[in-house]
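There are two complexes below, and they share subunit A, which is joined by subunit B in the first and by subunit C in the second.
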Partner chain A sequence: MDFKTTETAEATEVRLTGRLEFTDHDRLGVIAAVVQGARTQRFVIDMIDLEFIDSAGLGMLMILQEEAETRNIKMILRNLRGDVKRSIDLARLGEIIAIEA
Partner chain B sequence: MAVSPLSLSDCRVLIVDDNEFNRKSLALVIRRAGITDIAFAENGREGLAAVDRFHPDLVLLDVDMPVMNGWEMCEALRRNATHEQLPVLFQTALDSDEEQVRCFDAGGSDFISKPIKPGECVARVRHQLEKRKLFNDLANFRERVQRELSHARAMQHSLLPESRRLTEVANRYGLTLDAHFETSSELGGDFWGIYPLGDRRLGVLMVDFAGHGITAAINTFRLHTLIDRFPMQHVAPSQWLAQLNSALKDVLPTGQFATAFFGILDMATDTLTFAAAGSPNPVLGTPVAGGAGGGPDLRLLDSAGLVLGASRRAQYADQTFRLPRGGFLFLYSDALIECPGDELGPLGQDAVPDFVRDALALDRQRPLRPMMDRFYARTHLPLRDDLTAVWIARRA
Partner chain C sequence: MDAAVSDTSPDLPAPRAFSVLRDRVPPDMAARVAARFGAAGAGPESGDADGGAAGIPGDGGPGPAVEAQLMERADHDRLRAAFDRNPFLTVELGEGADEAAALLDDWSGVSAADHPHWPGFYLSLTTGSAYGLQCAVLVCDELVRRGVLDPQRRSNTELCLHEAIANAIVHGNLGLSSATKSQPGGYRLFSQMMRDRLDDPAVVRRRLDIFCRWSDRAIAIAVVDQGGGFDTDLAPAVTGGKARSGRGFVFMRALAARVTVTDGGRCTVLHFDRGPGDRSPADHSQADLLTG
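Let's look at the complex of A and B:
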């Protein structure tokens, strides 16, 4: 998985590409640092270019969500599609993380 | 990580040299560095015997000797797997490039040029001995971890229903029961179990903790102790999952969770009632009225639900389906649909009904074996995730 960060006046956004899975656990700290350094109250994870997410990847989203919550930042998942959308819907992550179409 | 300097006093060094003066002066040099356990040999052949007798940590080896020279001795050592890693330090007066390369070709670890410079000699000896110690420590550590992992693996297997128990339960309820379980990295996060609830009802549970390896395996042991805490007899599957969810939420750190399927087969009412928490969609098969002709009716069950351990507020829903005699339920963990092959992509969720149908065509009674054969034939090994597959059919 790779990601790119952009920061606007309204939101901090990371755009994920590739596959978010077990082997990406080391990258989690890097993204968590983006949340920690965010100067806005919105943290958007754009998944338009994400092809696959496994259970460990879902776990990483939960960790980021908690990281954001403790800083009063609203975390939003955006542009879910294909297998990624399917996995996130199956696990009903929408019940604990905000999802935008 | 800082490595504490190695004490040379525990190390054993063999000096092989045909010249008595050289043997003595080398011994003097290394004795000053703290090495006291020193043995001597006068040629390669004696040297080989001394290695077997003395078990040195390092050999200081002359090149030019009668009977068997140093290169020949070193080559003989390297042919023996036991001495493959033994540091051999050539001491040579031959200073041509070609001859020095010959020392490495023979399997030497390093060389020192004659005349011996005491400081350099001790530094090179120490370097080789430290490298050997690190290598041995690592090899020992690896061996210990392997041993412990295999013990833990046996323990984890003991959490799952044994084949004798499967037969017993299958006969009691008029079922065909087959299961397959394989972990990806010695230990895994998959778990499944069957729970008789009186004479006509049977509980079936499958759980998959996120990730795999030691953390996930520890969670399966946690789960095992929790299961007994919540009786299944008088609650709906959704309630039971909700209880399990709360208990797991208490013990799991954020980011660790499990998917689950919990169903109750009722042989008296011919139904399956289940609740799920994000497990892969199980396959339900029901015999088509009128029998003969085509195969059974296959459908993927909706198993969406907030994964266990993510939120205390999670709620689960019960769903009930007919599961008459001749019908079946196929449960599996996500490895079945997510592990890719060398040439093929992963099987994918939507292909599972056909996957089951093809296996039924090969073995109508026990299709799990052909399913696993086909899975392993198309999938890249070792598996990237744990695989559990359970086939439960009501006998016609």
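Let's look at the complex of A and C:
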């Protein structure tokens, strides 16, 4: 998985590319650092270019959500599609994390 | 390189020869293949030391034989090349592995000796190679290529297989518990522990075996590791709210026709329907391909 970070006045955004899976735990710490250093109250994870997410990847989203909550930052998942949407729907993550189309 | 082996029954597909990518098959290895993969009654034979031809358990004899591809180190391209030869058995011995140690590895964890004429294939990798190989993609590519897996069913099959493989690697062979991630900052510790285990030669030599078999109606895929196993009663059946782990089995149970766990948690067997329509008990009986 690769990612690119952008920050505007309104939101900090991370755009994920490729596959988010159990081999990506090292990357989680880097993305968590983005949350910890965010200067906005919105943290958006854009998944338009994410092809696949496994249960470990969903666990990473939960950890990022907790990091955001701790800092009163609202985390939002955006642009879910295909297999990624299937996994997130199966895990009912929408009950816990905000999702935008 | 391949040698024809005469069949003993006109009703069965012709057995395939045993062939290898290495110069020769060590006699011990040939004996193990013969014992495990259906060459019962055929004495082990050593390989051809000169020409790269393989030792063939049962070669020229009456017993069935399986075609195998052995390689010192597996990567995506080598495995694709091996699969293109339609072997039954593909085994990575391990890069730089001591030959004697490699022969002692239990790379055939699932009994494939029963019904060697049934269609299927068996892939055995070291954990070090399997970790970065996206094995579920490779195996599903191969199932589609062989006309076994309907591309429309691939996505769910691949996710289930991926989860079984991830469990086998992370919790089985690497011996890591997700409980670590529940501690404050535990994901950093988990990540460090994973790196440490992947740096341990003894750990990365542990085997991950993937065994696929199919009938007209069903596919069964076994994923076998060499870890400490786990209590299958603890595998969650439903999504765990804010839990940081445990969703892999939820996915498998939701998307596969059936999931069975054996060998104290070291073997997960996924059953999938092949035909159109919903699952049915009749389909499931067809799926008992790995247990006979």
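The criterion applied here is as follows: the second predicted complex is superposed on the first by the 101 of 101 C-alpha atoms of A that agree within 3 Å, B and C clash if a C-alpha of one lies under 4 Å from a C-alpha of the other, contacts with A are read in each partner's own complex, and residues count from 1 in each chain.
To be clear about the criterion, contacts are C-beta pairs under 8 Å (C-beta built on N, C-alpha and C of every residue); 3 or more make two chains touch, one makes a residue touch a chain.
Remember, it's a predicted structure, so these values are computed and weren't measured experimentally.
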{"item": "Superposed partners subunit B and subunit C on subunit A - clash or fit", "value": "clash"}
{"item": "Which of subunit B and subunit C A:D89 touches, first, second, both or neither", "value": "first"}
{"item": "Touched partner set for A:M62, first subunit B, second subunit C, both or neither", "value": "both"}
{"item": "Partner chain in contact with A:F22 - subunit B first, subunit C second, else both or neither", "value": "both"}
{"item": "Partner chain(s) touched by A:E10 [first = subunit B, second = subunit C, both, neither]", "value": "neither"}
{"item": "Subunit B versus subunit C as contact partner of A:D2, first or second or both or neither", "value": "neither"}
{"item": "First, second, both or neither for A:D54, with subunit B first and subunit C second", "value": "both"}
{"item": "Partner with the higher number of touched subunit A residues, subunit C or subunit B", "value": "C"}
{"item": "Subunit B versus subunit C as contact partner of A:E100, first or second or both or neither", "value": "neither"}
{"item": "Selected from 45-53, 63-71, 153-161 or 225-233: the stretch of subunit B that, after superposition, runs into subunit C", "value": "153-161"}
{"item": "Common interface positions of subunit A, toward subunit B and toward subunit C", "value": "22, 54-56, 58-60, 62-63, 66, 86, 90-92, 95-96"}
{"item": "Residues on subunit B engaged by subunit A in the complex (per definition of touch)", "value": "208, 210-212, 254-257, 259, 278, 280-281, 303-307, 310-311, 313-314, 334, 338, 349, 384-385"}
{"item": "Touching residues on subunit A, where the partner in the complex is subunit C", "value": "19, 21-23, 25-26, 28-29, 32, 54-56, 58-60, 62-63, 65-66, 83, 86-87, 90-92, 95-96"}
{"item": "Sites on subunit A touched by subunit B in the complex", "value": "22, 54-56, 58-60, 62-63, 66, 86, 89-93, 95-96"}
{"item": "Subunit C residues touching subunit A - in the complex, by the definition given at the top", "value": "131-132, 134, 155, 159, 162-163, 166, 169-170, 178, 181, 187-188, 190-191, 194-195, 239, 241-248, 250-251, 254-255"}
